[in-house]
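The next part holds the structures, each set out as structure tokens.
In the two assemblies presented below, chain A is common to both, partnered first by chain B and then by chain C.
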Partner chain A sequence: MILSMEQVSIRSGEKKIIDNVPFSIDKGEWFALVGQSGSGKSILSRAIGQLLPKNFQVEGKILLNEEDLCSLSPKQMRTIRGQTLSYIFQDYQGTFTPFRTIGQHLEEYQKVHGNLDTRQRKIKSIEALHSVGLDEAFYSSYPFQLSGGQLQRASIAIALLLSPDLLIADEITTALDSVSGHRILELLAKKQKEIGCTILFITHDWRHVRRYADRIAIMKDGVIVESGGKHRILDHPKHAYTKQLIHATPILGKGLLSGLQEVGKE
Partner chain B sequence: MSGLSLHLQKLKKFSWSGIAALICLIFILFVVLYTFFHLQHDPNLTNLDERLQGMSLQHPLGTDQLGRDVLTRLLLGAQQTIGYSLLALLAALIIGVPFGLISGYKRGLVDRVFMRIADGFLAFPDTIIAIVLSGLLGPGIGNLVLAIIMVKWVSYARLVRSTVLAESQKEYVLVARTNGLSPIKIIRKHLFPHIIGHVLVLASLDFGKIILLISAFSYIGLGVQPPTPEWGAMLNESRPYFQTRPELMIYSGLAIVVVVLLTNMLGDYLRDHFDVKKEVEQ
Partner chain C sequence: MSLLTVKELTKSYQSGKVAVDYLSFTLNKGECLGLVGESGCGKSTLARCLLRIEPINSGSIYFNNEPIESLNGRQLYSYRKKLQIVFQNPLAALNPKLKIKDSLVDPYLEYAKELNLSYFSFTSKAAFVKQLLEAVELPSSLADRYPHEISGGQQQRVTIARAISIEPELIVLDEPTASLDVISQRAVLTLLTELRETLNLSYLFISHDLAAVNQMCQRILVMKEGHLIDEFNRRDLFDNERHAYTKELISIY
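Let's look at the complex of A and B:
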């Protein structure tokens, strides 16, 4: 088990945003967290990296590799961020500091995590760009010179640069068109197979969930209403809200919603 | 400074007034520095036999009421006026910019405390602080510079804070945090280059104001004390001879006007240069 949450509640002042969420993610799986906007998915994901502003209070235990993240000092937390735990966000335009090149970003994050050899850093940065299908020219490009898909590829390169154990992908395809979105996810799936990292995939798009997820959790108003394997959730939903969500998405094609063949049917 | 080079690449239209102002300012600075090493006359040597003389080879701009060489005093006065203005400006920047950076990045209690302190300083007009300080500590250029710093740092702190407040909400700061960067690194590498342009514009516009302030206070006797040459003080000293020798006032008056005008031109140029709207138009 790589990540487990025990009775995690998050409150902002009097208001409870996340209520008593328990869930755990196994090593190497693609775990999808689904829910409509405002259900608290992003807040929960940011709580894992201790990235919430101070006015949010997190209660409970968040265990990453059996280590309680809430009890770590800011300095210990910084060594975990980027190295063991990394993020990709929705807004690809804002992911990069506008006046720094992609290469500068890649190098800086390596330097922070202890790689002090300049030449080695550069080689590794270019390798990382190659591995996401960007050529060497992008190393010295500024963020505004790249397209949306290219930027999102570059942010995947950054997120996977130090082979993290857990990657949190927060609605990474929402701002992209559907073709680029699928390409990005395919790339992510390929990289996951290579590195063996675990992915916490936050989305509200059932198409992506159907295609890539191993396990699914449905979140509504700060509570996880249902969680389980893909086949269980998609084909045999129990909770009314899950059913409602699934029915709200028109899906073309035959067979079960999970894409599996129905038993006993030709 | 990669941010600056980026702006330069984008800027296609050339502003001659800005370049001219810059060249003139550099020339003035060069002349001022040159006087450090080479002086023909002692600026404080009085010679009443040669008082109030007109232009001559010996004294290119004549002599003043005590027979001192006006050109020498004008050049040394530039050292005083420009030098102390730069000192006050730099000190205000050194205090104001970090204050604003920390306040804007940390937010919350730190921000509130810092900004209330700034508001407290802002409550006093600069003239009042300068007069009170020279009343308490005695007139002198040191106290005047102190008064200017006390008033000016606040505007930098506020400017930097408001920029950082907006920028630190953006995703790239969050991404930098998720990749394990410490707050100091984020401020230095990802936020500081953003504010440099704004600060430079305000500083160059402020520079002229500070020169005027120092000259004005020296004129009324609260700044540089005689016999040290300073433009404002020189204006005051030659005031009784305005009817007979008006050029004595005109020289130092013109010097102030020209330098302030040049710094304002430079400020305008920098403002256009860093203006976001203009970038969009291009």
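Let's look at the complex of A and C:
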């Protein structure tokens, strides 16, 4: 088990945003956290890396590799973020500093985590760009010169640069059109196979869930209403809210949602 | 009967980029025509050309068999009475300084003298706003709010209510649900279909989401890099004759 949450609650002042959430993610799996806007899924994911503003109070235990993240000092957290735990966000424009090149971002990332050899850093950066399908020319490009899909590829390159154990992908395709979004996820799935990292995938799109996820949890108003394997959730949802969510998604074609064959039929 | 006919329409920008390249299609009265394509394929440019917000290079656009590319200011005024648009970002489409009720009656007040409404009726401003909010299933208490005080799904319903308020013949829907989550998206799409039937509207539904288009539309056009590459009836979506690019789009879902 790579990440486990025990009775995690998050409040902002009087308001309880996350209520007593338990879940755990196994090593190497693609875990999808699904919910509507405002259900609290992003807040929960940010609590893992302690990225929340000070006015949010986190209670409970968040264990990453058996280590309670809530008890770590800011300095210890800094070594974990980036190396063991990394993020990709929905807002690809906000991910990058506008006046620094893509190359400078990749460089800084390695420098902070202790790689002090300039030549080696550059080689590794360019390799990382190649591995996500961007050529060397992008090394000296500024973020605004790239399209949304290209920026999101660069985000993947940066997030996976130090081979983290857990990657948190927060609505990474929501701001992209369906074709670019599809290509980004294909790339991410391929990289996951290579590196073997675990992915916490936050989304509201079932079509991505059914294609990539191994296990699914559904969140509503700060509470996990249902969780389980892909086949169980998609084809035999129990909670009314899950059914409503699945029903709301337009899909093409027929058959079981999970794409599996029904037992006893051709 | 054709409501909108586009013939050999070409539009390029000053940078030399050809956004819409020699495009021809027709939209029939009462139908919902889907237009699918990825970002940057020219879908929104096409919408802007139809509204005459953007000048075209060559080709022609006929609305009720009348060419619209040569209309002057006065003629455009009455053309726009028959054509409305709903944009992707509702917050940008609503004036932040106007209350919802003021935004809603704005088109009506603009055209009040020429309009002859059949479904809605203007007795007083408050009653008209109430009718419009009811039509898009919003509580009438929202009338006194400002756009930033209501949710994204509610904002989009307000822009839809505003578009139908003068009972146009055609509404261009440019990615109307792209900024909404699944549940609001479903509700808005169902609402749009109901409104089309009750008010006898026609839609040009622009989206990158083939599944949503397939749910809404009777006919579907596929655009890529400014060209129209495929055109088919909804029931022929899985047909073997589909263009390779259309098949690629299908495989995503």
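In the analysis below, the second predicted complex is superposed on the first by the 266 of 266 C-alpha atoms of A that agree within 3 Å, B and C clash if a C-alpha of one lies under 4 Å from a C-alpha of the other, contacts with A are read in each partner's own complex, and residues count from 1 in each chain.
Definition applied: a contact is a pair of C-beta atoms (placed from the backbone, for glycine too) under 8 Å apart; a residue touches a chain by one contact, two chains touch by 3 or more.
This is a predicted model, so every value here is computed, not measured.
On the superposed chain A, the positions of chain B and chain C stay apart, so the two partners fit side by side. If you stand at the C-alpha centre of chain A, chain B and chain C are 80 degrees apart, rounded to the nearest 10. Using the contact criterion defined above for the overlaid structures, shared-chain residue A:L116 touches neither chain B nor chain C, since it reaches no partner. Contacts of A:S86 after superposition: chain B is touched, whereas chain C is not reached.
Touch criterion not met for A:A137: it reaches neither chain B nor chain C. In the superposition on chain A, A:F99 makes contact with chain B only, not with chain C. When the shared chain is aligned, chain B comes close enough to touch A:E108, but chain C does not. In the superposition on chain A, contact is made by A:Q36 with chain C only, not with chain B.
In the superposition on chain A, A:H204 makes contact with chain C only, while chain B stays out of contact range. Touched residues of chain A, counted separately for chain B and chain C, are more numerous for B.
Shared-chain residue A:Q244: touches chain C; no touch with chain B. For the pair chain B and chain C, the minimum alpha-carbon spacing after aligning on chain A is 14 Å.
Residue overlap on chain A between the chain B contacts of one complex and the chain C contacts of the other is empty. Touching chain B in their complex are the following residues of chain A: 49, 51, 53-54, 78-83, 85-87, 89, 91, 93-101, 104, 108-109, 112-113, 142, 155, 158. Within the complex, the chain C residues that touch chain A are 38-40, 152, 181-187, 189, 208-212, 214-215, 237-238, 248-250, 252-253.
For chain B in complex with chain A, the residues that touch the partner chain are 2-3, 6, 107-108, 170-172, 174-182, 185, 189-190, 193-194. The part of chain A that touches chain C in the complex is made up of residues 36-37, 147-148, 176-180, 182, 204-207, 244-245, 247-253.
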